[in-house]
Amino acid sequence: MALSLAIEGLDAGYGAVKALRGVTLHVEAGETVALLGTNGNGKSTLMKCVMGLVRPDRGRLSLTIDDRSHDLTRLSPEAIVDLGVALVPEGRRLFPKLTVTENLMLGAFRKLARSAIQQNLALAFETFPALKERRNQLAGTMSGGQQQMLAIARALMSSPRLLLIDEPSVGLSPLLVSQTIAKIGELKQRVGLTVLMAEQNFNQAIRIADRGYIIVHGEIAVAAQSVDELKANNIVKRLYLGGVV
Amino acid sequence: MKRRTFLGGAMAVAVLGQGSSASAQQPPIKIGMSMPQTGGLAGGGKASLLGIEIWRDDINAKGGLLGRKVELVVYDDKSSASETPAIYAKLVDVDKVDLLFAPYATVPTAPIMPFVKQRGLLLMGNFSFQVNSKVGHDMWFNNAPWGPADSWAASFLDLAQKAGGKNMALLTADQEFAQNLALTARDVAKKRNLPVVFDQVYPPNTVEFSSIIRALKAAKPDIVYVASYPPDSAGILRAVNEIGIGDDVKIFGGGMVGLQFAAVMSNLGSLLNGVVNYNTWLPEKSMYFDGTKEFFDKYTKRAVEAKVDPLGYYLAPFGYAMGQMIEAAVNSTKSLDQKGIAKYLRENEHKTIVGPIAFSADGERKETATLQAQFRGVKDKDIEQFRSSGKQVILFPEKLKTGDLISPFEAARK
Amino acid sequence: MDLLLGAVVLGVLLGCFYAAVSVGLSVSFGLLDVPHVAHPAFLVLASYGVYQLNESYDIDPLLAGLAITPLFFLFGLLAYRVYYETFERRGSDAAVRGIAFFFGIAFIIEVLIILQFGVDQRSVSATYIGKSWRFGEFRIPIRQLVAFAVALALTLLLAVYLSKTFMGRAIRAVAQDEEALRLMGANPVRIKQFAFGIATAVLGIAGALLIIVAPVEPTLDRAYIGRTFCVVVMAGLGSISGTLIAAIILGVAESIVLTLFGASWAPAISFAMLLGVLAVRPQGLLGR
Amino acid sequence: MMKHRNSIVFWAGAAVFLIAVLSMTQIVRNEYPFFAGYVILQFIALAVAWSILGGYAGYVNFGTNAFFGVGVYTAVALFKATGAPLVVQIAAAAVVGMTLGFGVGLLTLRMRGIFFSIATIALAIIIETFVMNWRFVGGAAGIQIQRPPVMAPFDSYVKMLFFVQALLVVIAVSIARYIQNSRIGRGLQALRDDELAAECTGVPTLKLKLVACMISGALISAAGAPAAMYLQYADPSSAFNLSYSVSALAMALIGGTAHWIGPVLGAILLGSTQQLLAVTISSEVNVLVLGIMLVLFVVGAPKGIIGLLRPRYRLRAGGKP
Amino acid sequence: MTPAAAPDAPLLQVGAITKTFGGFTALDNISVDIRKGERFGLIGPNGSGKTTLINCISGALRPQVGSVVFCGEDITQLPPHLRARRGIARSFQIPRPFKSMTVLENLMVGLDFAKVDSSQPEEDVAMSILTRMGLASKASASTDTLSQVELRKMELARAMAVRPKLLISDEAMAGLSSSEVDEVLDLLISLGEEDITIIMIEHIMQAVMRFSERVMCLDAGKIIALGAPAEVMGNKRVQEAYLGT
């Protein structure tokens, strides 16, 4: 099954704020692509553009599935979810007063997703056993790591083929960050997902990424073809650590 | 939308009447009033107004007053005291009406009493209660049959004591009229050494009376005097029926507003049986006077169209009577001089469709003609049954009496 | 003691009835943040609808209530759409102007009722109205038992709906995080519109209970603005179980004060309770 | 300079208005305009007073009827107990209203948005219940009041009340205008826009809200006080009528709340429409008109009449352009 | 009692602050002294507690444990406006202008309430601040017509209107282009030269490096490094926090 995401010359923002300037980027089927950069550089906006939550001012955003191309700039988020795209948002955005199970069930809100609900639930609980133990707990009362697991599991409930993950490491301890990233890698192998992951944690992200982009001030500063190329690039350190080291 | 055409129609009739009249050169005699047409008092206000309008049409058919057509100028006071001062100022100073009628009920009337007194204007009262007691206006005449302030409670307690009542429970609404009744009831009870074993005031908008009735029942009274407003009257009777009131109770009722209105009566149906309550007019033999039957023939026809109370016993004939008294006074004094009219009204007894009316110095009836009647043999869901006699047997006053009290209350309910 | 027990029992019955008339508001105001001061006006309108069906076709009031729910559902969809397009979407001041808007709607409904039905109070007839159940000396009105049972069923049904169905969960979720819900492929506006429809549809039954418990008149809604908002706020916004608990507390408190201390203080007591809750625990008893 | 000139224009206008009102009471013999005018002036005072808290600070007070009723009953109680003259009644009502505003503010101003509104509804009902149970002022049965003789230069009490209410309007408007042009107004506007940002910019938000609540309450109670003498009758359900709350809110919103002239225009428009309807259509359509006007204005003119007149009305009329 | 006027006493002393939300510890025993006139950089990954810390300093939040001492006075229990009057001003991560006012009026709020005695008319003072900030031409513009960078500057200008001793800038450069970042940075540096102490929260490391005399790095509510910029950036734990392990 061929699926690819192509973004070309994307400009987007909120009113007076320009968050993305001429972003060009592509993700091929089965790849894990990292979108690197510190906070406030436009990573989240790009994710929201793909989901249809933010309408770009200019540029192309197309998803090709089995040779059929879909112009995402014209589709509603509902339709985009139906195409098999899911986003794990920054800050997890769980429904804190709903239980774990209820959060998961909401992940399968679309009619198309409901048929596979039992399988997906089983998959989620198998991948994240902690969630199964806590299935009747309110999401808001869980620890950060568990919440991040739940956010990923919830996104899986819609049977996505392209999974967008926005900053999975936020607010987690290094150990948990490492575990979360590993889980994403594991899932990808297991379900055959295509993954676009925005992350500021460089070293963790490149553990599972095939290749990556670095975004600075809303522009793609580096488009690296491999992880090694990323590691070698000086801009990373300049960007992250202000040029020291 | 019907309602609007009715009101528009009422004004149009007034204008047309003027134009087609033979005495077109003579300006009409204008009678001004406010009437509650929205808000809590609107039901009564509309029925009362229809009675007055029937009188207007009758008098105009007879050629008017002093050869001039009669025209009504009516404004809506929204059942509120704060609206009437401006309305009556407009009626007097702008519309230059010749005569004033008061709006239905006490609250909208109270604020205009000082105004008419100060201006020296005649005001025909319309079912308000003791509004003149503090003002002392000598050109005020209330059409209601209340009579002296304490006669109301006195007549009920007379009946109760005759039936063997030894102590009293009072249940009253926290609103102006009911509180005035409660006040006199407490006084009368004190004078007669009747202990008051239960005395509760409930707030407007009380939804559920079961709790209150349970508490009342627990006090084991044998006279239950209730002064309530329409929405509550129904609630109280329902609760009494459901919770029960105990076999001790000799007599129940007295001052329940609402049990005079067709909608409430037909809805409560058999729940009404046994209740002794005040009333003003009833289709009993003793209540028919000259013109009474003709009035109700006309009223019944027009009430449907006007969406007002289909029976109209409570207020409408007194609205008509108010007109009749004015008619008599103007025709005898041959003028619109208000002092003259007032003098005539004070000094004479007036024949009306609700019987002879004579006033005492305070402008209230010399003698009370407030009926105390007991509901008997009422069936459910039937408005028409109330048109026949015997459903509400008049126990008081003596002159109009058509039967005797059945006591105790539980026995009368069967 | 007997008297107190009776007051508590009747208070619980009354409380469940309060829950039924408030539970729709608990969704529309509690979950959706719509300052729906016209809620009681819709309630009274429903009562008149029930009255009309009962009067003309002799349909049982509860069935009549059920019969008008689809109509009220559509009515709710429409009302929310108008509110959304004119206020929520434009953002600023939505709450203040929304209140004024709904007051306007309430007045319009009042007048339409007066034009159609007149100002007299109306009530319905049914076999269970006017009878009572006896336990020795103790008697409970059957209409109250009916209202109690239906109110309880209605509230529980709504609670189950909100926790066990896709739509219900989405309705609770939309109150917590609209954008996250979009990510699930749900359109929050449509969810909210649907929820408002449900909240209004529930009024069909609640309106039937209102007119079963006591007669209605066109301006009765004003008496219920305070009561319903009191229950919903005390409950904690949007909590259905909280609504039931708060309504029962209100009912019992009113009933006890009515029985033991004198009725004229009852309204002050219930609103003092509301103020107390607002001052001490602004998020209500259970909170969303 | 601008500010200074504006002030001169304003005070000149106020003086002309009061002189016009006074000469009207001396010249016009027909009393009706004074009755109707009194009611309209009362609504102007209420709407302006309401908007000090509801408009400038954005805290929607539903308890206008509570403050109004408290004004009425302060006057009634004082008059019954001591026969105090009108001026004393009004001053006392203002003091009681201010005290109530302080209490209400302390209790409720920490609540946000609609919770504040609901709390004020609750307070109104509680206070009304107290008055209903207060036998000294007649309780639920209401009380009739005998006016004292009228004072020169007036020949009728209603004319005097009309002038007094006009004076109250001038006082309310000048206070509203002063607040609007002072740093208090700027602070209120800032906290309406963003309470935290205002706090961090040095605005003592709670104190300002309290001040606004007290001034608003004092003015509403003062505007209500003469109603006792106007009606010569008081009963709780009329004095605490919810329609005062709805009208004050509706008039302010219809006029626009960004500038003191808004509530004035709204009250004149709605108040005179109501007076006109009361003596023309005179039926339930009356209520319908209020409903429809409310709906039309909040939907069609979000910034009220002044928003229609000047698309971007600025609060600081005196500020540099 | 420490004399407030001691010349080398720190301007701000944060003493062992702990702030928790529910079960989540946002700040864990944070202590730091900031010298008068210092340019202080505050960094850390997303969710590390930076904004919570400055909320505790500016008064928007109160810590459960610990104290905040400003100019020798314990201000831990003071509401924000009293802290503003004592000379603590801030900007917000997401700009919070007073929307119904013009730019000039926004500044007047600060001037009105900050209790600074000045012989000059307020409007002139406000205009001079705007001129400094390069916003003079926008004085009578409504805030919703401002561009992102103008909004950021307006927030700083409004903070300046309080005549602060301590200015806290919360990500004033997020979402700006490179040239705009430089513009704002120059502004902040020039303000620092006027004896105003500045705490700057920033993700853009070059900016932090250029600006700061000292840098503090937070991670998961704890201080992981504090010192000269180069030193902090070279710290292994900081690098791990940013780049991952």
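Per-chain numbering from 1; labels A, B, C, D and E assigned in written order.
Going forward, contacts are C-beta pairs under 8 Å (C-beta built on N, C-alpha and C of every residue); 3 or more make two chains touch, one makes a residue touch a chain.
None of these values were measured; they are calculated from a predicted model.
Following the contact convention of this document, D is the list of chains adjacent to both chain B and chain E. Note: the chain lying farthest from chain E is B, by mean C-alpha position. The innermost chain, defined by the distance from its C-alpha mean to the mean of all protein C-alpha atoms, is C.
Ranking A-C and C-D by contacting C-beta pairs places C-D first.
Relative to the C-alpha centre of chain A, the farthest chain centre belongs to B. We define each chain's centre as the mean of its Cα atoms; on that basis chain A and chain B are separated by 77 Å.
One finds 56 Å separating the Cα centroids of chain A and chain D.
If you average the CA atoms of chain C and of chain E, the two centres end up 48 Å from each other.
Averaging C-alpha coordinates per chain places the centre of chain B 37 Å away from that of chain D. Annotation for chain A: no residues touch 2 or more other chains.
Residue positions of chain E with contacts to 2 or more other chains are 99. Residues of chain C in contact with at least two other chains: 114-115, 264, 267. Interchain contacts (touch definition given at top) occur between A-C, A-E, B-C, B-D, C-D, D-E.
Across the complex, chain E meets chain A through its residues 23-24, 45-48, 146-148, 150-151, 171, 173-178, 181, 203-206, 208-210, 220, 229-230, 233-234, 238-245.
Every residue of chain A that touches chain E in the complex is listed here, in rising order: 16-19, 21, 38-42, 91, 141, 144, 167, 169-171, 173-174, 177-178, 200-205, 216-218, 236, 238-245.
Those residues of chain C lying in contact with chain B across their complex are 2-3, 6-7, 10-11, 14, 17, 114-115, 118-123, 125, 129-132, 139-144, 213-215, 217, 219-220, 223, 255, 258-260, 262-264, 266-267. Interface residues of chain E, counted against chain D in their complex, comprise 58-60, 79-82, 84-85, 89-90, 92, 96-102, 104-105, 108-110, 112-115, 123, 140, 142, 158-159, 161-162. Considering their complex, residues 51, 53, 76-78, 80-82, 86-87, 89, 93-98, 102, 105-110, 113-114, 154-155, 158 of chain A touch chain C.
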